[in-house]
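Handing you a structure now.
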Amino acid sequence: MLKRRTDLAAEAAQLWQEEAGTTTRLEGVRARDSAREGFRVTTVQILNEEGARALGKPEGTYVTLELDGLLRREEGAFPRAARALATELSGLLELPDGALVLVVGLGNRAITPDRVGPRTAEHIIVTRHLVERSPEHFGSFRPVSALAAGVLGTTGMESGELIAAVVERLRPACVVAVDALASRSVKRVGRTIQLSDTGIVPGSGVGNARKALNRGTLGIPVIAVGVPTVVDAATLACDLLAEAGKGDFEPEALGGAQGLIVTPRDVDAQVEDLAKVIGYGIDLALQPGLTVEDIDLLVS
Amino acid sequence: MLKRRTDLAAEAAQLWQEEAGTTTRLEGVRARDSAREGFRVTTVQILNEEGARALGKPEGTYVTLELDGLLRREEGAFPRAARALATELSGLLELPDGALVLVVGLGNRAITPDRVGPRTAEHIIVTRHLVERSPEHFGSFRPVSALAAGVLGTTGMESGELIAAVVERLRPACVVAVDALASRSVKRVGRTIQLSDTGIVPGSGVGNARKALNRGTLGIPVIAVGVPTVVDAATLACDLLAEAGKGDFEPEALGGAQGLIVTPRDVDAQVEDLAKVIGYGIDLALQPGLTVEDIDLLVS
Amino acid sequence: MLKRRTDLAAEAAQLWQEEAGTTTRLEGVRARDSAREGFRVTTVQILNEEGARALGKPEGTYVTLELDGLLRREEGAFPRAARALATELSGLLELPDGALVLVVGLGNRAITPDRVGPRTAEHIIVTRHLVERSPEHFGSFRPVSALAAGVLGTTGMESGELIAAVVERLRPACVVAVDALASRSVKRVGRTIQLSDTGIVPGSGVGNARKALNRGTLGIPVIAVGVPTVVDAATLACDLLAEAGKGDFEPEALGGAQGLIVTPRDVDAQVEDLAKVIGYGIDLALQPGLTVEDIDLLVS
Amino acid sequence: MLKRRTDLAAEAAQLWQEEAGTTTRLEGVRARDSAREGFRVTTVQILNEEGARALGKPEGTYVTLELDGLLRREEGAFPRAARALATELSGLLELPDGALVLVVGLGNRAITPDRVGPRTAEHIIVTRHLVERSPEHFGSFRPVSALAAGVLGTTGMESGELIAAVVERLRPACVVAVDALASRSVKRVGRTIQLSDTGIVPGSGVGNARKALNRGTLGIPVIAVGVPTVVDAATLACDLLAEAGKGDFEPEALGGAQGLIVTPRDVDAQVEDLAKVIGYGIDLALQPGLTVEDIDLLVS
């Protein structure tokens, strides 16, 4: 079992190897690197109980995209990132034609690094009502609904409760849930997106873990789209010291960082950029007939 | 039946009298004026089918507050207005002790005059989760949940569908629904609030009427809090001409105003002020133990 | 002299003709239509005192673009509109190479239809500090500064005072001033942009006219970029009645509309779209080496 | 000379003592604690060259308020904090009756912890134009102007350049400049306000130090109001380890934290609260005739 906590399976696998030593081999886990649209993609499959225990994550597939060019605002980086995300997401979705998908943005609008979920929902092309009302015009679109689930403190409901209520009513074939994550490494923040078919625990990013959203709790597949926007302050302290060769400490040993988060200075802008890329990526995956240019005209 | 449309029962009664002439008496409708905390209050009761047909509104009680001092930002106007709203609202609510109330903010965040509902939801003291989890501390509070229901174009769901789903799940004793209205008279805009026990049709304010929210559709009482933030442009044209003695025209005769709305120049600020007054008024009605100062500390 | 007021020279010329009758010819004014990037362009030149008196506008050149496709969100409409604006703007600018330009966004952030100026400033590629500090990298850029001038009520300064102070300090070769306008016709709102080399009177859009910004007051050329986002309510009333054949009334005769404005229902979104087009158009005019795609990467 | 950097004189004095050891006495610096409206106030006077060198700060008076109750949202904490700030600020201001004051909010609106300056400017009662235009009504008010100076990247001007240009034009008797600071200690963040009569270096909070604003650069007194909203990540790491007894490291030794900031999780809300307290405090100091309730009605 891992001593250190991370929301990213790719990080967990790496940490496990560090702790176990390179000679030991991690059973029940398969990891491979590839490239998509010029971005690095790491796919980690947790195949059985043993692998799940080792990495502290449920069995399933975890895909990590590293969107460095996006952060550097390289030309063409945005459409490439959206297409890469769409392709990897499509690989995790198993959807009958015309089946309804519910996209939920998790997190608290009032906390900048936690806003990525709700902001993503604003970039989703919502079609359920159009497909139902004028199939003659919109029959070629997949029906999609979107929801920013809010947070307990502002609704009095777990986002899981609200989503379960909506799922019961709309009966979608699948939920795509977007949320902020906490990263182990400052280098991941703002440039990594993790997709998985194992569902998600809302609020883990800013440290308010809630009931899980997954096939067990909702009765349908839940594809998670997680993006690290914060690093735990105590974790950061230990990493900085380790990097500087100042020794190896445990975050748990540092109590003084309660209620503090570490973010990039330009987290406000990064959250906007990431929400747009994720929103467009989901749109492209759910409406394969569309291009990035089409989406520019359909949402704003 | 009225020739001209208005969301305000007090206006409807007045228009009916104008059209019918002062000699005729409106059967099945009782109207009375009073004062609350220094503000004018008009209460219209529609008692039967005949009255409902005459005013084009369902049977029930409609209370109109005129908050002139608020708009002029008179000293003390805000707490007086919040208390007046709370008292009138309490008169319409029949709630067992400790029964859950769901407050819903209707309307589109992206359209300024339609934002009053969602912004109100942000001023609601949400307690359901606290009362459930630590009754020892919060047992004296009524459990309250709040929801900004969004709009069809951004969720793919009627707000009525979303609210019905949540009602089914949370089983509240009552829904309080806040929405923008269209006023017949420019003088009402930004300074009038209508309460009624008859429910509400979302979106009537900016002209996208949806399925009604009422006891018939939700199975529980729905108290509507409506606030005029817009005037229909064609209606305005006719009123201006009538006022100026330039004759009497029908709004329907003027086609050129599609998609236009008439608002006060400072509608952005008015919507913020109204949302705060309504939010505080609802808080005071639902949590009678609190004062305006308490709410200042609990919400922001 | 015109009986009716409009900020748009193209409208003024039209109104003059209506009032004078088709047989009379307007001396001292030359008007011509053309097309740019698929959009209709009307150029009105006021050549002398007589023309200025007739149209109630100073001598100079007024270019009106009609961006209908933009509003309908046609594919490619945005880059075409930005390029059309850039070309027409370049025709009015007479700038030595490397001369500093100051772009000012006029208007009140707190009033939606008045926000177009300040929002435009956020889309301007600001280069003055870069060109000064590392000419080796940015020598190919024109130095540009930008400023959202705020309004009297929030600064205690006329925007003209603030701009004059900055002009005195930075000594730019030219000011490009962006502001909201009032339109005579509801059809103009949100789809028309007027460029002129005669300067601008801040705040005319929402009815708080201030000291003029022009060569006389600032000592350098002032290119005005005006966009109608509101219609005066009384004006609207008269137009609606005229259209409906209900007779011809004077807006001045209608007193009841004080403090009211008429806007498109989606003015919030329209203001965002217009600010982006104008910002990109100015960027393209001032930095001819750049493309729309380049600007996407440089501003956000 | 101090090894460690802090913007707060009270922290600097404390650090100096730690480094020098309790036996040594710091010459040229006088520090005293007091209480104001129930909040702790520390006043540090740097009396000469020696003191300035020791603490790495210019000669002058530095007043630190610790607003703990505010953060805990205690009843009455807000008006008490505003009054405490007003009283301490008045002690630093030497203003002839009726002399104009310019309040400037420094910092970048697009970066949450840096937004405290611009947001404060929105709470300032601006009176210059009123006093000038209708002295008969507003003669009892001090003329005040306010300005959010923006940042180099969005204007192409140093905020110092813009402020100097405005000072040259308006000829105020004094500038009050509000900016975010970096704190040495996480405990200071969001609950401390430092006032000083020595001026300010814009942008030190988020690490983009600019030209100083002080009597030397502007020719008039500059009262600085600084509020720590961030902690340097490397500094935090060292502090956490020191607290945990893990040894003593230098922030400079930790390179890995570039571009990262540490903030409270609810920094968005804290910045809003602090901006309001500071704005109200400045209003009370500049308009002694007003109460907190008056300001509620005058600004929003």
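Residue numbering begins at 1 within each chain, and the chains themselves are lettered A, B, C and D in the order written.
We adopt the following convention: a contact is a pair of C-beta atoms (placed from the backbone, for glycine too) under 8 Å apart; a residue touches a chain by one contact, two chains touch by 3 or more.
Since this is a predicted model, take the numbers as computed values, not measurements.
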Open item on the list: Looking only at C-beta pairs that count as contacts, which pair of chains has more of them, B-D or B-C?
Closed with: B-C
Task: Selected from C-D, A-D or A-C, interface repeating A-B by over half of its contact pairs - done: C-D
Task: Between subunit D and subunit B, distance of the C-alpha-averaged centres to the nearest whole Å - done: 43
Open item on the list: For subunit B versus subunit C, what separation do you get between their C-alpha means, in angstrom?
Closed with: 38
- [ ] Mark out which residues of subunit A touch at least two other chains, giving numbers and ranges.
- [x] 269
Task: Footprint of subunit A on subunit C - complex, ascending - done: 73-75, 78, 269, 272-273, 293-294, 296-297, 300
Task: Contact footprint of subunit C on subunit B as seen in their complex - done: 110-112, 186, 206-207, 231, 233-234, 236-237, 239-241, 243-244, 246-247, 249, 253-257, 259-269
- [ ] Flag every residue of subunit C that touches subunit D in the complex, lowest number first.
- [x] 121-122, 126-129, 143-148, 150, 152-158, 161-162, 164-166, 168-170
